[in-house]
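Note that the chains are named A, B, C, D and E in the order they appear, and that numbering of residues resets to 1 at the start of each chain.
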């Protein structure tokens, strides 16, 4: 049965383009493609004409010119003489910073609230419901400006710390200052610092941090080994050795040692002149954005977590209890692994939303990529087309990367089913 | 041209700020008032004969130029600094200067600062979307002092932060500083520092290349200025419009010559423009002058005859 | 089929309410080691609730339940202890879908009994063989038929080496052909002398293995007797009515 | 039970692949008007695929299928034409759950045949009476039992007044008691002389109504014969094996 | 073993449960104080709630409703002897709530002057001095109120199952009437736009039997477009002057503002995104590679960028993309962008619904001879949309909340207005009262929508059986 006879040749008729299933889909696609191309061509030619009228050649050269404005929060070196590129880079890092921080806190908060909504304490459950409804049903922009207003209006200004009998005082043994300009916390300094290493002339990375990071990672790896050994021992004898102090030890002791070698000390913030100096300054704009995005997204995550946990039938936890598993083990071994697969996909889209919502930073003057590239740069250079396109491209890249990573993770925890 | 569009539409689309006390803000009934608003109304009166035939379009520092370039607004009367690049590169035409301003600093008196040079390490609130952040960067760089910029979108929010002490200094155009200060609960506890770190000639602008429309806007503004110089006020204009001994007044008010016709308007155009809110001086006094809570002295914005810079080319 | 004199479960004057609904009324029941008891009764009569009280899936409000010498109070330690001694099979099996059959069976021994994994797996395979599905050990529950799943559930309980097994309608969610598979497994268990409490309406099973049939209605034990007596010669009106319905099928 | 000489379905050297898997091999089959054919064969032998090729739910790659004189090519008009002539009943009924029974039955006549609604409803009621559930006309499919649903599915196909009916295991998703209901309906249809192709393992049905039984295996027609001959005297080894399994049940 | 025999001769009566397990005490033990931890937590939460409520009340209950400026508020509060942080100044809400709701939409001064006797000019200068505020609200803005009522009536047949089917006429007509009410002008403009749809419908009806559905669908899109582009304008202007014309004072969309702006952007986006989203979802599900690629590209692009960048596009770039000289209104541009944005999300929701449908439904439709479009319209979509209702509603809520972003491109939505209000002499320095009021507006609308969707979800769950 290997002889393949050709299908009988039919003479081609024009009507077959529409009525013949073989050609029909081709026809539709060609029409769609032509339509799309025509639309694209129309838009591009309009744009070209309009730009020609305005005398603006599309070009990204303006990004090499000095930005001429200052940015308060920069994770890499930046002065007002640096290029717009670099300003955009500073903004991008700020976006990523708030997105990462926001995702972490939103997850923690969301999980806690989601679990508490299922609490058997009526009051707690009800309050968490109120929380969720309150945050979900009011626009996030309002929450951002609201949080900012709260920080500004209710916290003391630095000047309140001044004088012999100040109205406000620093917390935790004069190491943390909570002001309406932000929170100043001690910074980590090294008296025997190893210096910096330059990456492509674009940013500096402290060798101290690299060293500490390396030791930390090594510690974590060793602690993983310890855990694995504990697994082996448990498999062999049934008893699981207590390992937390060993794991803590291998992580902490070498790290502390390195810190000591590097001459670790804390730089405390100090009221000097107009502001606190020294220490690490978490600006209000960052805190407000971070907080607002976290609490807002947490409301959604809470619902996801709740739905995820409820999706695991009551029979599962009953079966686990009947087997004598403690409630903690039931949660870890039975409920969570099943709930996670329901939870993770919507969680991804909430992380994406949070990242996209971080573009509302401009409402509180946080200099993220929308504030620099899409804000001052665009405004000062008048290069709307280029700036906005670049801005969208950057966000698109971030979004697609997040969903790619999370989808990969999602696939790796997916359950095997029939 | 734009003038035909405006006439056909019967309304002037005028871009203003989203709100700066004394310069532009809506009241509870949605009626806009302020120094910039008055320019819009004067132009509308000149062209359409009705000072209320204006659609006020609030713009932020970010959106104003696009709005003008795209034709969404006919005239941008919003404290916009006349700079080389805006004029040449962004393709706009400034039709004149209605307010000579400069960027200044406001600080609480209690801070004990008397000069901007003493602001090393201070936190500075800046209203973004203007030239201010560039001036500020240049000023501090030139004086080699450090600062912490806090960029803020609107005047209202900047004021909130400044009052709460979230920034030590508020910098924007001195006029806006004065206006803002005037609304404080205790204005005296705040002072504007003597340094003016930039020249900020603020004026209305139109799109490049539409000269008829540019001329109308330019000469409406000039008419307001000239009226003050010649002593034509909203109170006496009715009388003066019957003819005076001063030929320039007559030309201005259309009883002599055909200036209106040259602009493509009727003879009464300037008279109507002045009637709406009065001459330049009246507008100033009514909205931001010493008698108002804002209380700005004329200073640079006095007539050239009084030692200021306000100067209109002759109506001839 | 020997029944020792030792008491496995002792229930005295136990009462339970759901809210204001009096679901179990004055239950008195003594189960000896090795006894096999079938509980029958109309729907809603409290059979499941009784069973579930015995391993504290439900809390009772009055009276005592003493299992294997330990009284069930709200003391967590006692509860833990009792749950290790008491295995339970649910109507809907409640296997853990994210674990393989083998993992389902070794989970509790490893984490609760602290059995070495290898030993736990050997035990598990032993019981899986007993329920005749050793070849499915590495599949997931979703890949098995209902009857197979129920047998896994039984094996899973057995792996904890319980002294008492509770079954709550273990066959009622199954297709007729699969019921037999499961009943066979249970009969085998019974023959080994396991103490069993079984809620079921499988009268054949009751006749074949039970030492005693308990009939419940409206939250109370209405009648109990040896199976033959119970079926052939019911005393109470309610029992008669019930049996006529069941056997009439 | 008269069979005319007119050809209803003619399949010549038909081949079909799923990807590289050769699912139907050199099928040759002629079905006359009024013939009733039962197709049997082990699972995966390609019975459903064959049936589905006849109304182009699947596309074949080689050979010809000529239904009622029209060749099935990729020409949409022909496909439309054939689908109007050929009714199909699925194993899982596939009723439209958002429409009432009546609407299910009138949908295609109204939208495809452009029958006036009133007329379509009359026809529908007629066929619903035929399958003995006129009283359910205004219920939704979800409210009916499986057997009733399958009968509705048959009525729905009949409303298009097809000349040929295809059945793909119409009874295999049903409980035993409901199978009879559906088979009765089908037998009635058969008695009216409808051309029928039916994939089924109901040998009783085959014996009673089929003119011909076709046995398929591994994508090919292995044996065909009259029912009596087929069951009592199978020729091929495979058929024998298959029949022994089926009838052994 | 005869000892096991037991027969109950008398049934036990039902007994009252122990007092500690029922009634309020039982409830509290069960829900608030079961265990030490729970008791501690309960007490802490109660204290926290009491503290929050007390301080909020202390701030909020202030006799400042009639104050005319912030300083007046401060005086009033000082007079009450309130010592907290600062009391609420509700005067700003009293003064501006109409504006926060309706923005700068022009009042119908003629109607109000007919009611009050004051002249139209006086009314315009300060309507509330002459007419009671509720009347200003109801009559002054009757066009908007009517538009919103029509919106609800039009949506009723979709939202409520028992609504009379006749209301469907309103559903079909209200978009056009609302456009006319909101933007004013001659009624013939919207009427002619409606005619376009009617033409499209007839084009489909006529062509479908002769030329096949595909061509009919294409033509039913082309015919109205030709009509709108080339003919409807002149047709409308022919009728416009005629005596059979209803004309309302035209309002430019620049005058839209306040909560009404949010609502109109939201409603346009919601109504527009549903059909667009369905088309995109179908495209994404289709096996035509290019169509699918285009749809996926569009959906992923829109979902990958923040709405604010799309609003930047609306504000800064959309005009550049259009032929030189076109200049359409920023609010229209925003509406377009927000609609596209919502459509991408809607497409994903609908796709979920489509994916949830069993394959048998498609096959049954095929086997009955229904073509692709009929199958979609009669079989697939009704079911897929029903499944997706919760997702659709939550997309609606999201879009509606996101309309606040337009304040960033200087439109006067409630948040934008709050900035303008704070720029006023009298209210300079106000913060919380405005935010609280705006938050309340959004909360009420979004919360009702989410409750409605939960109600539907429950109904669908039970209704499926």
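The rule is simple: a contact is a pair of C-beta atoms (placed from the backbone, for glycine too) under 8 Å apart; a residue touches a chain by one contact, two chains touch by 3 or more.
Remember, predicted model here, so these are calculated numbers, not experimental data.
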| item | value |
| --- | --- |
| Shared chain contacts [chain A and chain C, defined touch] | E |
| Required steps from chain D to chain E (each step between touching chains, minimum) | 1 |
| Greatest separation from chain A - chain, by CA centre | D |
| Rotation angle (°) superposing Cα atoms of chain C on chain D, nearest 5 | 165 |
| Chain pair showing more contacts of the two, A-E and B-E | A-E |
| Most central chain, Cα average position | E |
| Most distant chain from chain C, judged by the mean position of its C-alpha atoms | B |
| Centre-to-centre distance between chain E and chain C (centres being mean Cα positions), rounded to whole Å | 55 |
| For chain B paired with chain C, centre-to-centre distance based on mean C-alpha positions, whole Å | 88 |
| Euclidean distance of C-alpha centroids - chain B vs chain D, Å | 84 |
| Euclidean distance of C-alpha centroids - chain C vs chain D, Å | 48 |
| Where chain E touches two or more other chains at once, by residue number | 212, 316, 319, 408, 431 |
| Multi-partner residues of chain B (each touching 2 or more other chains) | 62, 66, 153, 157, 160 |
| Chains grouped in pairs wherever the two touch, ordered by label | A-B, A-C, A-D, A-E, B-E, C-E, D-E |
| Chain C residues within the chain E interface of the complex | 3, 15, 17, 19-20, 22, 25-26, 61-62, 211-212, 217-226, 229, 235-236 |
| Chain C residues within the chain A interface of the complex | 55, 57, 80, 83-84, 86-88, 90, 92, 94-98, 107-108, 110-120, 140, 142-143, 156-157, 160 |
| Chain E residues within the chain A interface of the complex | 31-32, 34, 38, 41-42, 45-46, 49, 85, 212, 214-215, 287-291, 294, 300-301, 303-309, 312-313, 316-317, 319-324, 397, 401-405, 407-408, 415, 431-432, 435, 438-439, 442-443, 446-447, 450 |
| In the complex, chain A residues that touch chain C | 234-240, 313, 315-316, 318-326, 329, 333-334, 337-338, 341, 415-418 |
| Chain A - residues contacting chain D, complex | 1, 4-5, 7, 10, 16, 18-22, 24 |
